[in-house]
């Protein structure tokens, strides 16, 4: 009876198509993280009283922080819905490795929540008077760093998915793990601002991303099995 | 049959005692907003690369933002639990005005989530190298501003309490309302830093607080009745 | 007020009550009244609108048409306050507080029946000895009993009970019936819903049958 | 593989299975086996541990002691993959997707029975015409049917069904029985739980009664 | 079976562990306290001033750069080492708990967290106090200081997860998982002074020769090191015993114990 069991690619397609359909059905939700980052940036500019010179100096740090916080807040939505309606159970019983499905899900989550923010970054950088020369470095560091943040976040989200009210605990757990990414990401832009070579930090981020791609899905899958026990 | 109906003070005592008991039972949760603020501050300092001079300049803005974000994230817990277990229904049927109970609940929420943060502010200010002369102004502005934030937040939390996954929506609704508070709060410290008189901004915050104390509970009570319909 | 003289207006009275949700009628124009010393039993299938009706009467939902009078006066929130004791699907209990702490909180907010103390109410519903147990550790039936204790403690003369018999064993059903009888004897009124016909109170009862679109 | 020769090891076999939660035993040492072409009916009261047992067998929970063998081999996650079709209390459906989209997602992840298409499965469970309806707008019974369609579509030979009759009307109960019969005829095995005795499949059935601490 | 695992299995029955912990916890506390008192008195030159013929042997000279303020080292360094060692130990217990599902190891790992957090806090506080005279600031965003602060957050995260899940065993497993993931931080703390240029002092102390510190400064440090280890053992056993009892509430042997205590 047992028919053709799905290949990795077919399973990936199924998850990706579903996520795309869901995002399309609830378009408004997908933009919320980006809106949040924009608001943090605006609030910060307001709190500083809009002093352009000071803003320019801290712009890259604020942008990184805003992107990171927005990602953090959207972590909650990474696995929770799938856990609550039982989709994760069905994934666990599927003949493809859970880690692979988790990887696809995380990639789609990044693409729908963080990617819009990356696209908006040049505009936000302008708001904060970021020197134009630093923009390419900032974009490169975000492009390498934010997927890594999502991967790390996936592990934490998986661990806390069984809790009823995880709220701030997710942030508390994720932030220490985010620190190295932030240090190298924001550090690369700061180095560029001082005329130093920033490629070292970017290489490190790239290496971290590769390691994250290999390890994080496995760790997240293990954490999901623990949390949903 | 109808026995002594409770006075305002008695009802307030009942709510306050209950909240204190609940916080005591889940001590860990109560400290989470403070932890979050600390983490935001740490992350910001790291993103800036720990440059003491630059940090000192933006310290008050960052502190205000961190406190505001922590308060924002804890808004979720203001009414949700009471709505989900039916306590709010019982409050609505009580012979004391719902607005009064909401006011007490909000005050207790502020005291258990934001007050610890105020106590920790001197320490956090030290982490950010805030000039010592600005600390009293910062504390005064926070002491006047954060209760106002809580009151405004209560209205937003009440409006969204009926939704299943309000997450970022609460932030989006609350942040625009928070802007004036932030501008005057952080502005007062900035004025002090430039040697200007900051009492004007503080008076305004005080006036806002009085207005909030009078109006916000009524608005929140009305919002609760609408949201739980 | 043990005397229920016929000159008094009914405790609860509704005329032409309609409720629609999303433009779908949930229940049609409905007339009902509950006198002091009387129980009104609302019956109907799953989804017939029983819970909705009770919430409308309690003022937790707003009717589209029709009027509700309590003690002969238009039922405004102020008029309702302290008159209605509502036991719904949600227990209104905090899982992290003990049974006694929960009762004290609710009695503090809603008031107490003269001469009744929380500990006595606990005893009345068979929870003596559980004063310090956290609600988190109670079984479903015990939670229901705690909700009944809260109701017993409240000074409200008009009880609106949504499926009070659910989750209870035979002893519990017996307890609900005894509580209703005692409450009616003290001059209260009761409106209760029930699913099937597995239990109803042995008192002067009127019946309201709710069907789809009634 | 319609032949179920006796030399074959049973589809599912468990020996001395124990599960404790928070150090409280949920069910005691338990032996069971399900052959191809056979249904095992697990009965027990509320809270007896039926759901827990099914989840342990599916590998969603880890037993404390005992071993589970599938097709004669130790049941590792790899061994289980693709062999077990599980229908639990949670439907695994997205409210914002249509019925067909939901089926396509799950078939993409879990594979399909040879020669079956999602649209055919929908028809088989009586949901023809609902291909584009969002799950959000389905009634509880229709959702249950969609879950059955998912199961019918999956290539797994061993079905673990947790209260498949709940929420279904008479036609639905009939449908479940027909599906089970067809599945057994195709050489599959079924383990199902049920509450009371209101329905059981008209096939070769063994019975396992679960009580507290058994 | 792995001998370590076998040993844990033997000790692992809750009543056996309870007896073991009840017997040895007080010794850990007592001996630890004794060693720490000796260490502190020695470090503060109290022993040297005692009228005894050996007095000179106990003399710890003031640092030629830092004067007497260096003496806070005797709290700072042992606490710093413990903050990392406890995390390592917690991760080991956690790994055993996850792989072999030994309940005792779950309990021990979770008992490590608050103690380690306390040592971390002591390190941070004493370091800050020391930093004011040395660097002119309480705090700086230096790699070692920052990583140590993050270590504190990790400890709090472990405690937080353990508290947030109702089922004790699942909670312990989830928290154990975090403890294992967090181990990557330990080498970063240790080598941060080497990898990045840092305000904080590099590796200066070696207990066995080759130290760039005056040899007379070493012995009190050794006493403090031994003392903190023993104290930790006492605290670990006490906390684990309490958790063990809490989990076993209602079991016959606990009731018997409570009865005999009464």
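Some points to look at:
Just so it is clear, A, B, C, D and E label the chains in written order, and each chain counts residues from 1 on its own.
As a working rule, a contact is a pair of C-beta atoms (placed from the backbone, for glycine too) under 8 Å apart; a residue touches a chain by one contact, two chains touch by 3 or more.
Keep in mind that what you see is a predicted model, and the values were worked out from it rather than measured.
The chains other than chain B, kept where they are, group by touching as follows: A, D, E | C. Following the contact convention of this document, E is the list of chains adjacent to both chain A and chain D.
Farthest from chain E in terms of Cα centroid separation is C. Chain pairs A-E and D-E differ in how many C-beta pairs they share in contact, with the greater number at A-E. Distance from the centre of chain B peaks at D, each centre being the average of the chain's Cα atoms. Inter-chain spacing, taken between the CA centroids of chain C and chain D, is 41 Å. Each chain gets a centre from the mean of its Cα atoms; for chain C and chain E, those two points are 57 Å apart.
Averaged C-alpha coordinates give centres for chain B and chain C that are 36 Å from one another.
Chain A and chain B have Cα centroids separated by 28 Å.
Looking at chain A, one finds that residues 81, 169, 172, 175, 179, 229 touch two or more other chains. Residue positions of chain E touching 2 or more other chains: 146, 153, 156, 160, 164, 167.
Chains that are in contact with each other form these pairs: A-B, A-D, A-E, B-C, B-E, D-E. Listed in rising order, the residues of chain A touching chain D in the complex are 1-6, 10-11, 13-15, 17-18, 21-22, 25-26, 81, 84-87, 89-96, 101, 228-229. Against chain E, the residues of chain D that register as touching in their complex are 21-23.
Contacts from chain E toward chain A in the complex involve residues 146, 150, 153-154, 156-157, 160-161, 164-165, 167, 170, 173-174, 177-178, 181-182, 185, 188. The residues of chain D lying in touch with chain A in their complex are 1, 58-62, 80-86, 88-97, 101, 104-116, 150, 155-157, 186-188.
Across the complex, chain E is touched by residues 155, 159-160, 162-163, 166, 169, 172-173, 175-177, 179-180, 219, 222-223, 226-227, 229 of chain A.
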